[in-house]
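Reading through the structure tokens given below for one structure.
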Amino acid sequence: MALTGVLRPGHVVLRVMDLDKAVAHYTDALGLIEVARDDKGRVFFKAWDEADHHSVVLRQADEAGMDYMGWKVDSAATLERLAGDVKNSGLVTDTSWIAAGEHPHTGKRFRFTIPTGHVMELYAQKDATGCSTGYLNPEPWPDGLKGMAPSRFDHCLLYGDDLDGTVKLFTEVLGFGLAEEVVAGPEKFRIAAFLSCSNKVHDVAFIRQPMKNKFHHASFLLDNWYEVLKAADIISKRKISIDLGPTRHGITRGETIYFFDPSGNRNEVFAGGYIYYPDKPTVTWTDDQLGPAIFYHDRKLNEAFLSVVT
Amino acid sequence: MALTGVLRPGHVVLRVMDLDKAVAHYTDALGLIEVARDDKGRVFFKAWDEADHHSVVLRQADEAGMDYMGWKVDSAATLERLAGDVKNSGLVTDTSWIAAGEHPHTGKRFRFTIPTGHVMELYAQKDATGCSTGYLNPEPWPDGLKGMAPSRFDHCLLYGDDLDGTVKLFTEVLGFGLAEEVVAGPEKFRIAAFLSCSNKVHDVAFIRQPMKNKFHHASFLLDNWYEVLKAADIISKRKISIDLGPTRHGITRGETIYFFDPSGNRNEVFAGGYIYYPDKPTVTWTDDQLGPAIFYHDRKLNEAFLSVVT
Amino acid sequence: MALTGVLRPGHVVLRVMDLDKAVAHYTDALGLIEVARDDKGRVFFKAWDEADHHSVVLRQADEAGMDYMGWKVDSAATLERLAGDVKNSGLVTDTSWIAAGEHPHTGKRFRFTIPTGHVMELYAQKDATGCSTGYLNPEPWPDGLKGMAPSRFDHCLLYGDDLDGTVKLFTEVLGFGLAEEVVAGPEKFRIAAFLSCSNKVHDVAFIRQPMKNKFHHASFLLDNWYEVLKAADIISKRKISIDLGPTRHGITRGETIYFFDPSGNRNEVFAGGYIYYPDKPTVTWTDDQLGPAIFYHDRKLNEAFLSVVT
Amino acid sequence: MALTGVLRPGHVVLRVMDLDKAVAHYTDALGLIEVARDDKGRVFFKAWDEADHHSVVLRQADEAGMDYMGWKVDSAATLERLAGDVKNSGLVTDTSWIAAGEHPHTGKRFRFTIPTGHVMELYAQKDATGCSTGYLNPEPWPDGLKGMAPSRFDHCLLYGDDLDGTVKLFTEVLGFGLAEEVVAGPEKFRIAAFLSCSNKVHDVAFIRQPMKNKFHHASFLLDNWYEVLKAADIISKRKISIDLGPTRHGITRGETIYFFDPSGNRNEVFAGGYIYYPDKPTVTWTDDQLGPAIFYHDRKLNEAFLSVVT
């Protein structure tokens, strides 16, 4: 078998403070497609090229942030095995099983809290309700796209305290590779880790920081640098709060722009990067090069990028 | 574990009729980097973003074509296991072990002939001599690139007779997914298969055709549609024989151009496509849509694309 | 004064055989904006970045082709002067004045037939009803664009017999520069002329050919090579008859694609090119290089491009 | 005649404090081509697509800044006429004639100081030594380009006090159009003017500011947004001081990046914009929209952009 175990980040659940404004942002500006609402008031979205039923979920709350990320695994057997491995790893807390159907079109999920304080889930089943172009003689892109129109939900960047524990969990228990890292000082103390369960440069990334369970951004995939420009234009046309960009990351080489949803949750749309393999040497950035590592062109960090999290 | 088993096409060995002209083509026009020559006269190349020692090998011969493709697997244990599985599959012939070092910087390889007549190899070890930008605070691209400058060797498209046997071998024994296929007639007889062992849309593809062991093209990865234009310009500036492009494939959505090396082996450089997952529904093309499936804009095949193979 | 005399091709009037299909093509596929219809049944369009009231006019007729092109000049005085110069040049026939208002929002036009048999007009006034983004703190592009969404009508390419007479008229009487030309044989017999009244590489072009008054294509301006790809995709999605592309012209360096409206009139959308100046040396192409001159990548002409005109 | 009078900015002469470092910057990083040095130690450059002998001149000096800009006019007769008009305008000071040959391959120049304190020249003759691709069956781009490799010197942005006088001179005497402007307050006091003598969005621009004769930047033309990214990457790879970008201007719609030469003179490379005509309505920006007018995505000015001039 080639791609096995954990396949991808399958959903992210975000808290928003004004659901209507948030829905308008994620549909009209970002360009996701609303696919369902449930009796808890949650709104479910997908990007146009995703097969599974949903990938982004919004929930009305008093403060912004991320409730949890869900990871799709390759089979029910893998779900059982990994749930056991995670539980027995000594690295997680608050494990539980969420019943099938709690997310629409989705099987049971194994939930746990990782050392950085973030809640993660594993699940094996979500109905493949299909992408917008279908699978029979498909066009390369669908008509009627709106806004930035990313093809996929791609990854999250999260801030938390016990980076070492979380990296250990993802690499040793869940089988991720460490694609890139940032290390500080002569002891090469790791302060950031970019983790991949695939050929993508990152499926999730973590930055070391004193507080548990902070959310930096959810990222969505564009095709190319021109789409990053179009996204930047949309940000200005719609008076969306921008963080930084268009620019390139040194880390991952991605071409990127950051902005905020109406509740202050940071979004990224990006293109580019490279094909990662588990036998590729890890790319290491030293903290004296943190500027170009993060924002390759400015070669310095903006204050908001480091400090604003939800 | 996430990406396991067969990781990627690790090398392709091509026969060329004038080695000097071929080396000039693959370095100056295509833009690969020559990394070694051996006492058999073989010349070894890599693309600038590849970690392993080599990916393309040229051999002087009386006629053009492909000697074999080699596939890197994730470990020595996997190599032993898959070699056994392949041998016992009843699907291959002419199995043998090639000693470590027969390719420079490369461990032992298990060689076999697949139902379509092509020779394939599995291997677990090749020295990671490193990509051109290194792994410590790397720049996004190296100075001194020449020609089209693809970042990677990506895949081959091969023509052969027993398509069903080969697809069975790759999917049932080697763990590949069938990303896309072309079917003919009301019986939906499969005439083409695009196979992935990764998140790439294809790592190898096969077209059904009466003769065994024919080579259609080796393909190399560019970053974007502007690089396809630059490649097209280079083809004209250097009076390289063009096949077709720039255009888009319906299959894979890739943005592409085809041309020939001085011995008549077809090369492709391409960008784009999408992220494949093993749980993604297979895209099916029907033969009445074969035109747009192959060349999405022209919506008809050119004669050379179908008939010229080496 | 800097840009004086003839400013630009201000309108082109095309004959179509099914007006409804044509309107659908020019609005939904090409992406022009319908701005008016008149009591003769003519439909008037503009591109989104044009200030003047209209640039493209469609007229129902029994056969396709071009009725006439209109050229905006810088002032009423220039109109009178150039009308006199043209009339007295001995190069034109069938001169007449068309009354103000015959085109909506347009002043009087001086009409004449040039040596290649095409009907041309000069006019000094057309109401600046404004582009889609306006002129006060404008956004870089408007919302609600459809189809290929060119920013401007750019030029026409016309086929006719007396190329020398037409070039003489445009260069010696109307003040155009000869940006590029194609010459045949050792006598360097001119067979094509690309003429500019501006910094654009061409505002009109002519190919020598036995019949008078033939229309090859009307061309519209895109921003970049990615928009050419999007246009190519739209051509396939909508099953529009394609001529050739995406490719680059050797002549003008433009990035281009050609297709046909439902009546068989050829359209081009293109990007790129260079900044022309009247003191720039004329670029000369010899007929042995006609292939790359026209289609730089294929380096050969397709039959339709040479023979299909309306 | 179509493009008449003042044709274009034909040269800019910059003062640099370390000639060797400056030459390295303008050749290796920016990618101009050195064409001559003279006995005064001046170094002359051109961009690869320029026909005339030179467009950029560097002179060793104790402080950075611009000595003068030179404007090519269409003929010797125009030169005499405009020299007289300028002299008699009451708007300029320090008029003089510079002898032919003082710049290599260049005819006599009429020099004068404009109300904002900048020195300008008009000239009618500079040898067309040719662009890098030639004019007979040319390739679309030459081999051997280095760095950002702009095709042309495009314009300068200058800071000075008497903006009204300078605009009056350029529009009423030299025939320029006012493409875009920024106005402040309810009285719509003009604080910036973007002036065109062509179809380019600007050939020179002025910002009102208390001191005379300040230089903000010299700008060079790239083909597209990907070349802006490549330029941004080169800026980082070479540790060149960056000002801001990649981004889009609201004014002109251009896609842009700013950086500094080793002496602190600001350079811009940009792509995009639109086709300007003298009958196009002037685009007006109000000072409450100055942020997006200058940097469309950030929607606020950086301090350096406003205050750092040479």
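Each chain carries a letter (A, B, C and D) given by its place in the written order, and its residues are counted from 1.
In the analysis below, contacts are C-beta pairs under 8 Å (C-beta built on N, C-alpha and C of every residue); 3 or more make two chains touch, one makes a residue touch a chain.
These figures come from a predicted structure and were not determined experimentally.
Enquirer: Would you mind checking which chain's C-alpha centre is most distant from the centre of subunit B?
Expert: D
Enquirer: Write down the chain pair with more C-beta contact pairs when A-C is set against A-B.
Expert: Between the two chain pairs, A-B has more contacting C-beta pairs.
Enquirer: Could you tell me the distance, in whole angstrom, between the mean C-alpha positions of subunit A and subunit D?
Expert: Roughly 44 Å, centre to centre.
Enquirer: Calculate how many whole Å lie between the centre of subunit A and the centre of subunit B, each centre taken as the average of the chain's C-alpha atoms.
Expert: Spacing between the chain centres: roughly 31 Å.
Enquirer: Any idea how many Å lie between the Cα centroids of subunit A and subunit C?
Expert: Those two chain centres are 48 Å apart.
Enquirer: Could you pull out the residues of subunit A that touch at least 2 other chains?
Expert: 140, 224-226, 233, 236, 248, 292, 296
Enquirer: Help me check something: in the complex, which residues belonging to subunit C touch subunit B?
Expert: Listed in rising order, the residues of subunit C that touch subunit B are 225-226, 229, 232-233, 235-236, 242, 245-248, 255, 257, 292, 296-299.
Enquirer: Hey, which residues of subunit C end up touching subunit A in the complex?
Expert: 139-141, 143, 224, 226, 233, 236-237
Enquirer: Subunit C touches which residues of subunit D in the complex?
Expert: Subunit D residues touching subunit C: 1-8, 49, 51, 72, 74, 128, 130, 135-138, 140, 151-152, 174-177, 196-200, 221, 223-225, 248, 250, 253, 272, 274-275, 277-286, 289, 292-293, 296.
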